Every structure is written in C-alpha cells, then in structure tokens.
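Before anything else, here is the set of structures, which you'll find just below.
Same chain, two partners: subunit A is paired with subunit B first, then with subunit C.
Right after this comes the complex of A and B.
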C-alpha cells in the first residue's frame, strides 16, 4: 500500500494526458477506486443504432479517491472519445456521482474535456446537462464544493460550459477553453467575418484560459501540468464554499456591470486594456508567473458563481 | 459494426495479479483494449467490435502474432476499434499485457 496522501511523482502535460492519466496524477497515489468501471460495459444504448463504435466507460470515468488525505469524488471526461461528449450513460454517471456527493458530504472534482452534448443522443444529452446542473446546485446548497478543472484538448464547450458556470471554483490552464458556442459553431451560424475558427490566436484570445481568468470566468490559473492542477485543487478544497442568494445576487450585479463595462469591446485585447492590464497586446505570450503578476489587482473576480 | 471473436491457446500465462487493465481510447485510428484475468491458464479470447468491415484475416494475423509473442494466457481481451491500423493494434495489445503485469498499487 502507498502512504496516505502522497502525490504521484509523475509529471505530465494535462493537455496531452488521457482522462485516466489525469485522474491518476491528480489524486493521492493509488487511492482512486472507480465506480461502474469499463469491465461492467455500461455503454451507450444509442451509438449502435448509428453503427458507431462504443467505449466501455462511455468516455466518463467516475470514482472516489483521496486528495492529500481528504476523501473526494472524482469525474473525468475522455475528450478523445467523441469529443468528450455528454450522452445518456456519460451524463448519468456524473449525475449519480454528484447525488452521492450530496448524500455523503464529499467534495467533487470534475475534470472537464468536452465539446458538449453528443449529437447522436442529443435529447438524452440535453436532459443529462439539466440533471447535472440541478445535482450541482443541490449539492452546493448542502455545503459540498464542486471544483472544475479545465485544460484538455476538447476544452469545455456547449453544455459543459454551462455546467462549469455552476461550479464553486474553476481551475484553468492557458490551453483550457471555456465557452458555450465553440469556434466552428459561431463561424457556421454567423459567418467567417464574425469568427474565423481557424484563427487559433483569436480562439484562445476569446475563449482561452488567460482571458477567462482575467474576466472572472475562471478562478485559478495554472501551468499545463498535473502537479499544478493538483496543488490548485488542494488549495480550492480549503476555500470556504459559499452558495446562497446573497452570492448569486452579487454575481448577477457583477455580470451586469461587466456587460456595461466591456459590451462595446471588439476584441478580448480591448477588454484587457480597459481592465488596466499592462501591455495588453503581450498577454498571450506571457509566461505564467509574469501573467499572474500583471493580472493581480486588475482582473475581475467571481463571487462563487459566474 | 463487425464483431469478430477469436479463441486461442496461449503458450504463456499472463504475469502479475491485477484482475484487469485498460489501455487506449476509441478515436480515429485508435482503439481501446480491455484485459480481464478470468480464464483458465492457457486460454485466451479476443472479442473485437470494429466499424471497418472485412478485415477479419488481418485481425487474425495480428492477434495470432500477439498470443505467440506475449504472455496472454488466462486473459479475456475485449476491443472497441476506431479504425486502428495493425501496428497500432499490436502496440495497444502489448501495452495491455504490460499494464496487467504491473504490481498492484
């Protein structure tokens, strides 16, 4: 047996890692116990209709573990399987985990990596998003913290972006992207002049981790490695999670103020300039330490909601 | 979806004590391999679900080669394939037996 509360020494890029590698590197070494593992073959009942391949865990890994000795529940999406999309089973596993967290009083870590609802099972997927949001709200109202970690290849889009908005704390890396409509969706609906999805700099400037951190769409900004995510998650578990009417009203006011302040901005760099960030045009190229220094006292902060 | 099943005799039983292991992901050009230690010593079964139809002979060659070279006895192997090439299949199978041999945490 491993010693209690010890980190895996493995250093790996969160962006490059698989969902299982992320879980193993995030929690205390050897502490993860999976629920409804791949051997149970709890797979999508819909993909077969379309003659599409299934995955044994439906792209969602759930279980319990310890994080520096503290009991937590963990969910991780595999972004490479159908874009980490929410289908019926995928969503039900997360809903069940959140309800268990409510009953047990354990905090939850959600490792997002998703393009949103799985189109082949869209009704079930949309329902799952609704159920998950409700389960998060009920768990948080009972004092459970729900911490989102975002830095995967698929980003956190669609219904995943909505779910992320209901978390207590969001930890994001530069590679992480948070939005509802993704770049291709915007381009398809509004045209390439509105948003060029192949302009990677534009995508990251508009939806990437640095921008979300600056406007209060994420709470903690970390380097792209598992150790940084682990340390940030440990710190977030120590925060006092607040969730009541006062918090939500404060957040509503902040969002109204944000819209007044930045509503006319044509580009994220304009917003960074209005925030008073030194050298706004340089933000995308800044290393983490330098970025955090320039963001301090200038960035908007969220009120346990966003 | 084409389903293929192979029942083989493996000269070497899988090492270690882990009950199961999983490697890979179902994505384009990739596959996931689930290995479960549930069979008697020298038996090995391989069940494959693949969207690429008509490659049974290639699968048979890759699986036969794998069982001859690696310690695959007592394993029930289940594969969900996303259109992987034979070299990727061989790599994942090798990773799978390596993982199930690892000491338990």
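Right after this comes the complex of A and C.
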C-alpha cells in the first residue's frame, strides 16, 4: 500500500512524456491499476492486413487510480503509436471504462493524444467515437465528471476533438491543440491558400491551447508539466458535475455569441484583439503567468455551459 | 431516393418539412395520427459551425417544449466543413454540441432516429447519424470515413491494393454494407415499400440501449469491441468490491 494521495515527486514535460509516464505522474504514487494491460496482448486484429506492427496495449491505457485519495478512472492515449489513433480495441477500452464510470459513479480522466480515427480500421474507429460520446453523455447525466487533459505531441484531432467537446472540463497546455480537421487535411482538401500546414505559427495560433483557452474552448490553462496537470485535475474534481437542458442551452448561447463576436475574424490575433487582450500579437510568446494575467477578465468562459 | 420522394413516402398524410440552404426542418404526420419532428442536412452539404449550431438550437427547442415527440434526423451530408475559419472558431465544440443535444433529447424521452439517405463522413457523421438512438439507411446511401483516394495518400498504398484488402475486411473501406457490418446501421430499409410503414414499425420497437458493439460482433464486422468493453466494465466493477 502507498500513502494516500501522495504525488510522484517526478516532474516531467507532459508534451515529451509517454502515456504511461503521464499516468504515473498524474495520479497518486503507485495507485494505478491497469485493466487489460499489455501483458494481455489485446492487439488490433486489423493492422496485420496492412503489414503494420501492433502494440500490446493498442495505444490505449485504461485503469483505476486515486487522485489525492479519491477514486478515479483513467484513460491515456499513446500518441507515439499510430498517432494515438482510435481503432477497434483502442476505442472499446475507453467505451468500457466510461460505461463502468456510469455504473460506479466514479469520475474519469481522459489523457488525450490523438490524430483521430485510425484509417486502417476507419469504420470501427469512427463507430467507437460515437459509442464513446454516448457513454460520456450518459455518465455525465448521472453526475459523473469527465475531465480531458490535452497537451501531447499528437494534439487532439478529428473524432478526438469531438470527444473532448463532450467532456465536462478541459485542461490544456500551450501545446494542447484541439481541432477537427488537422492542418494537413485542410491543405490537402482545400489548398494551401486556405491553410498552409507548414506555417507552424499559424497552426498554434489557430488550434493551440492559448487560443482555445481564450475563446472558451478549454477551461484551465496550465504549464507543460505533469504536476500542473495533476493540480488542475484535482481542482476540477471539486466541480459539480452537471449535464442537462440548462447546461446545453447555456452552451447554445455561448456558441451563438462566439459566432456573432468573432465570426468575421480572419486570424486568431484578431479575436484576441476583440477580446481586449493587451498586446494580442505577443500572446504566442507569453509565459504562462503573464498569459493568464492578460487573459483574466477578458477570455470567454464555458462555466456551466459545456 | 430523392428527398421529396422520401418525405412523400414517409408522410403520405402530410408534412410541413422545408429545406433552406440544405438544412431540413419541420414536422411530419405519422400514420395513425401521431407526429414526428424532422430535421437534418441535405444536398451532401458539409457541416460547419453555423449549421451545427442552428441544428442544435432546433433540437434544444424541441427538448424544451417537452412534448416527448420523436425526432427524425435525415442525413445526406459531406464531412465536417474543412476550413481555417471553422477551426479558428472551434468546430469541435460545435459538432460536439450538436451530438450532445441529440443525446440529451433521447435521454429526455424523445426517440431519435437517423435516416441516412445519401452521403455522410467523418465529423458530420459522428455529430448527426452516430448521435441518434437508432440509425437506419436507405439503399444507395454511401457513408465513408474517408474516400479511398485520400486513404491511399495517407496509408501510402495504391488504390488497387486498398481495394484488394477491402475484399477481406469491412473494417476500413467506405460503404453502407461495411458500416452496417460493424454495427453502426440498425437496418437498411426497403426503398420499394412504404417508408411510413417501416418508420411506424421501428417506432413500435422498444428503444434499446447502445447495442452497436454486440451487433458488430453478431454481423462479423467488429469482433473484438464488445468483449473488450465488457471486460473493462467487469474489471472496474470487481476491483471496487
């Protein structure tokens, strides 16, 4: 047994860490128990068709742990395996975890790191996204909180972005990109004039954590380290879990308002200027403390409206 | 089938469904006297922030009215709208909001039925069709996560190689039959029979909880998902005791 509620002393970059390192650093030291771990070798039955290597956990780690003594269920995607993509096994592990959360009444932490649906098993992956979204909504309607943590190398793209949009709280770092169509997808389909995927500054401005935090697309902005994510997750567990007509009507108004306020904006910097953020052009270079100070009272929030 | 023919066959006694800028809204009269809300996307339109919030607003109005009347979502869409503006404004939130609104409606006692009669793909498919309680399709519907040429580019395999692999498994290639085998489609309706009768029969079936993974296993298109999900539930429940 471990001491109750003790953090790992190790501090590491969330962006650089593996999924297993993130889980270990996030929850109370030694408290994580994995379900269907890699020793079970539940691999994708489909990657072999494409002569692609499988991974023993299919890039998804699920289990239970405690967070400062509170029982939670945890899921983490490994962005370095197939871009953290949703395949059949990968998705089913998360679906099962969310269904268990509903039954048990335990809150859930989802550590996103994904490019979206895995194309080699696209139909299974797409359907898994639908099942996961339904399971999240049903758990939330029963009072369960589903907290998304986003700051990995693969970002949170495609169907992963839609799942994130159904979470009760989103915690992001600057590196946490949230989007549906990725930069390359837009460029491939609509041309480089629409989106130049090689313009990395444009990518971060349009999809990155700072922009999402400023427009209310994320609730908490943290430094790129596991301790900051852990502290934010602990705080988020104290929120009241709500999902009902009132919440969605508030979200409806919030999203309509965003279109009215910013629907004509060409660039994220224009939006930051409209928000009244001091020195909008400097936002991408600001350190966390300075950024949060300038964002305070200016940013749109999604409190009780997500 | 064309949308006008579909509406005529669904509602022989009348409807006030209109299509504006490829968005479908209105109400239809069911045989036997009841009614059903109708909304959706037509014309293979791509789904962006503006339309997603309009559709969600309509769903929430229905929920607020609290009449418990079923909702029929008609779908002939493209994918999510792929643009810099949509992503700048947070398209993921708009699509998720639409999905949540449909799921809330169902939780509040409205049967939600998706009728896929044309195309649909990716984010648009997730936010509409996959967020309904029961998804049916008409023959000729052509859902796709990604078309084969794009898939060929991403996987760096030739289209011929992909086509050959698609013969062996329904798991990745586009198409109604493939998606049905994975469990996403409850049933494919018969276009030569009255759609009104088929809709009434469906509404008469008691609503089921999400059974798509079991359906996928039964149909041989998604053999592992249901067992994996069940094992996780069992392990989580056992370790608590």
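Some notes on this structure:
In this text, the second predicted complex is superposed on the first by the 301 of 306 C-alpha atoms of A that agree within 3 Å, B and C clash if a C-alpha of one lies under 4 Å from a C-alpha of the other, contacts with A are read in each partner's own complex, and residues count from 1 in each chain.
As a convention for this text, a residue touches a chain if its C-beta (ideal position, glycine included) is under 8 Å from a C-beta of that chain, and two chains touch if they have at least 3 such contacts.
On a predicted model such as this, the values are computed, not experimentally measured, just so you know.
By the touch criterion defined above, A:80 reaches subunit B but does not reach subunit C. Ranking subunit B and subunit C by residues of subunit A touched puts C first. In the superposition on chain A, A:127 makes contact with subunit C only, while subunit B stays out of contact range.
In the overlay built on the shared chain, the residue A:221 is in contact with neither subunit B nor subunit C. Once the two complexes are laid over each other on the shared chain, residue contacts for A:53 go to subunit B alone; subunit C is not touched. The residues of subunit B lying in touch with subunit A in their complex are 1, 20, 22, 25-27, 30, 32, 34, 36, 49-51, 78, 80-82, 105. Here subunit A touches subunit C in the complex through residues 33, 35-36, 42, 45-46, 49-50, 62, 64, 71, 73, 88-89, 91-93, 95-97, 99-101, 103-104, 106, 117, 119-131, 133-135, 137-138, 141, 158-159, 161-166, 178-181, 185-186, 188-190, 194-195, 206-207, 211-212, 215, 217, 243-245, 248-249, 251-252, 255-256, 258-259, 262-263, 265, 267-268, 271, going by the rule given at the top. On subunit C, the positions that touch subunit A within their shared complex are 49-50, 53, 56-57, 60, 63-64, 80, 82-84, 86-97, 99-101, 103-104, 107-108, 122-123, 125-127, 130-131, 145-146, 150-151, 153-155, 157, 165, 168-173, 178-179, 182-184, 210, 212-213, 216, 221-226, 228-233, 235-237, 239-240.
On the side of subunit A, the complex with subunit B involves touching residues 1-2, 18, 20, 29-30, 37-39, 41, 48, 51-56, 78, 80-82.
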